[in-house]
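In structure tokens below, several structures.
Note that subunit A is present in both complexes that follow, paired respectively with subunit B and with subunit C.
On to the complex of A and B.
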């Protein structure tokens, strides 16, 4: 279990939250031009890295707000928490392009 | 023929909330039915709206997880732009009308959610221990003292937990659990079961 610092409510247990998967996936700018492989890539393919990952989380049993988390998938150490609309902060050992969509 | 006001029916019937006395009770449970509840969505940065509400006696807490107000209505912080105004039973309709008028023309939402939840009072020296059996919050008095509120879980049920002064024991904490009406029976039974080891008084 993790203790997650909700940007609004403060530290709470993980069971109050739901993970919304990988963050910062940008919707294709011209959806009509996308072929099936492009759609599959956008909808299904995720990076699933060993190491630093940026998740979306919802404080579903608390304030019900979405926010972002930078987390190490090996240790579950939380490296950064930031609100929607805030620029993603750099985190230690953050590989170049980690915050980018794509793989 | 007598008219039946459905809203005057408590979520927990009298055969569930049966008075129980215990000389050494660690837990005192009671139902607090019919508290008026108004959900408020508002831009927290709108100072004039906060002032308009203050003129009606509604205080807006801007600090997370806190309660403002007192004897009349009190306001529970639910989120950065969301509050729950709790009024004495029957007080919600008049306040809703006044607040709707006072905030007319603004980008806000005022919703009467009185019937959404009912309230269970948990008091006694073991109250925090009982809640800690099924609530992931840190209930230490230094963290969750008087005037604190949080949305969390009890068992697996959503609740709004409020820390209030204990009416019987000055200086002690008591708790109000605002839970969905349809979950009230389950939460009540869960609390009664959990209170068994501490000794239980039910205030009818």
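On to the complex of A and C.
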């Protein structure tokens, strides 16, 4: 079970959160202008990388805020956490990340 | 051989308490041991080696080890049906007065086992035998499986509810030390002196690990080893930030340094002595900043014919029994080894007065200090030899020893010598316990010199120290512990002075010889050389798997079941890898290694459940009116976490009779329903109406204050997600309702859109589900009743039309009254503050008697709404249904340019004519109620499979108002098929049905709008 550093509440157990899948998928401004394939790409298609992935998480049993984190899908190390509206920070897969919890 | 009273106990020594004799029984026979014994050491003290039958061939098996890796001595502890505990390792069961233990896996008795016949027919039972033989026909598999399981038998589950208490503890620490042997304690001391918060856990009752199995004369630095140990423990126990957890197994290493520990708090006490104030076991959930693994190593056996006979033990374990428990594992004990470490056992046994007739060493020319010492003691070293046969089935009586050919793959010509003995100590080298490291997802590295996997690259914040990373020798392990402790402390940003590494006399050990499968005599069919004792896997089974084409080690493992017993192959896995490597000609690292998974050793279900079984398993939500329902015959159903009255039983009514009565009353005069569980969300802010425009399919801007509107929410895929009625309380204020089950998910979903996609919208959402109690009044008399008990509300049809809300007082309680209907009747939903829910219900019940008011439950509600063809999200929909499929295009705005899911309604797939559409179904027989979920086909007599399914039944009830059964269904192109005949497919027949409109009752809606 991961320990997730909620940007509002601090480090909490994973079971307080719900994962919302891939982050930074922007809703098309004019859906009607898209063809079926373009719309399907927005609705259905998600990345499943080996390595860095940016997730959306909701602190459902806490502050109920949605936020983003960059996570290594191989090690589950959390490399960055940021609020909605903040610019996504650059992350380096080789950085030590949050290997050590509670900091 | 005498099996008399502790006749194998040495006259002195050991860490047992000879002043506290302990009586116990094994298989009904009484024995005595001492406090400080394990069940295994006490049995061995009494000359009892044979403790079980093997899993598949039912061969007699004896105690092999002295620890958690024990594969054979699995016993049932306690005969009390509620507390009996299966699969306990006798090597870990601490002895207490009155302990009752039974061998497992024997029928009818240990000495005479009927299934032991399988041993004699074992050439017919190769690896994969069960898969190959019993797989077909599939229908009989269940029968086979029962018989096989009976034959296999792995102990008995308790027959009554567990009376014991289990606790869960959450803890955080700077450094968790797993294992309190020399390395773990050295590391713990460094960590503790730095001021860090430290937890030290060890699965044994006593800290010290391998030090507890050292002889009396052993020195660490200038002190006896026992004093060195006592000094460290004394220092640690005075430090306030250090928590010492004996009898505690670190069983799981999960993400982000989260570890699971199980502490056996009272298992070692006689049941009568277990304090009621203490739980039986504690589950510790520890989050550690750094983890220090000092889990030690286990010895591995050699693979030779009949290597599983009782009386054969691992050499290091025999040494543990000798020094820690003062027990000799035999009177005349031979040794078979491929390395120097077993010489310690031979020397120590000889020193203790046990005859050691031979050290059989498969190495051609063993040399080194330990070998020399054995020779100086006059022990016979048979170099370049191996054991080719073992005499004695229930207990070793002798061994046949023969010379190996130079390459060790065959025997050299010559005569064999027989060595009489009643015990045989075996060593095939040591395997570092890397289970926890591997669970932490660290990558293993292969150490060729030791032929073992050791920790390679760490992934988590962890360090390994001592024998678990291949360090050999007591002194080296202590130094390694110091180093690891320093590294962990440094990582935490703390400082501490490194203690001096004590000088320890560790004789140098020469190299081992790796022969993974030792040769024997006679046909290979008769040879039984075991690799995995617990799963009864032999070396030839592995070779068979390879011949049959299995290459990947994970496949070989699954096919042969090697490593799949409850010991997870702790002692057998390395031999498996060696044999596979040898047979395929590949180096061991290329064979790969199987994955270690939690738990390291078994954890009781009760421990994992903690305080949460029974009524604490899941939260239960009840409404303020719950007690009234319970007192008035309600039978409850679970809706999510809620308890809702399903129906109210009067007298000796059946459910059908009760529901019929409730349904009829709701249309004839007056019904009342507790609708409190409906999800309720308060939507407020200047952009509230715009927000609703985006999340619902219909338009909300023009909804007047005090007016209600039904809404459908879609996902972006265009599929129906939830529905409910939302009411405008003020220009910037709405009261939204959701389905009972969907309330939390809808709130999270709405928050998601507000927070991530539209943070510019000024809207606040608040769950008010539990703030309002809701009483739904239904039926022609509802207006009359409200007129009698309400104040400040004009109830006339003109002033208070359908789909409107008025505020006032009901039964003198401030209330919001919504005129909305889920039944097609004149209906009002009275919302009062939750604290007044019971009072409002009581008042309406009392005053309603004049109108024959009838409380009704969810089943009647379902019938009433189905009569009107009203859908239930989750019943008529399943995540693949669009508004159009339900004939609800009327609620999808044509004007709004966008809302969530709109674009998907124009995808090629959602505009297909032959999508499943909502229809009504009528059976020919009015009493036949269809089965919900049943499939619908076109043919009366189904053709040969595959049969095309054209739809399925979503709802089916008996309708008392129509005097017949009704059903709703989703049928391909259904709306165009009205009047057609289709068939509902049942296992034994088909039921003809006619497709109708889904609205069965009052299609004009005169009743609700009146």
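Rule of thumb we're sticking to: the second predicted complex is superposed on the first by the 92 of 103 C-alpha atoms of A that agree within 3 Å, B and C clash if a C-alpha of one lies under 4 Å from a C-alpha of the other, contacts with A are read in each partner's own complex, and residues count from 1 in each chain.
We adopt the following convention: a residue touches a chain if its C-beta (ideal position, glycine included) is under 8 Å from a C-beta of that chain, and two chains touch if they have at least 3 such contacts.
Predicted model only: the values in this text are computed from it and were never measured.
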Practice task
Based on the superposed arrangement, let me know which partner A:27 touches: subunit B (first), subunit C (second), both, or neither?
Solution key: second
Exercise for the section: Scan A:81 for contacts with subunit B and subunit C and give back first, second, both or neither. Expected result: neither
Practice task
Quick one: classify A:12 as touching subunit B (first), subunit C (second), both or neither.
Solution key: first
Practice task
Determine, under the contact definition given at the top, whether A:65 touches first (subunit B), second (subunit C), both, or neither.
Solution key: both
Exercise for the section: Return the chain, subunit B or subunit C, that is in touch with more residues of subunit A. Expected result: C
Practice task
Report, in rising order, the residues of subunit A that make contact with subunit B in one complex and with subunit C in the other.
Solution key: 64-65
Exercise for the section: Within their complex, state which residues of subunit C touch subunit A. Expected result: 172, 254-258, 287-290, 441, 459-461, 491, 716-717, 748, 751-752, 755-757, 759, 897-898, 902-904, 907-908
Problem - Residue ranges of subunit B in contact with subunit A within the complex - result: 64-65, 78-80, 82, 136-137, 150-153, 158
Fill in the blank from the handout: Counting only contacts in the complex, subunit A reaches subunit C at residues 1-3, 14, 18, 20, 27, 30-32, 34, 36, 39-40, 42-44, 56, 58, 60, 64-66, 75-77, 84-85, 98-103
Fill in the blank from the handout: Contacts from subunit A onto subunit B in the complex sit at residues 8-10, 12-13, 15-16, 61-65
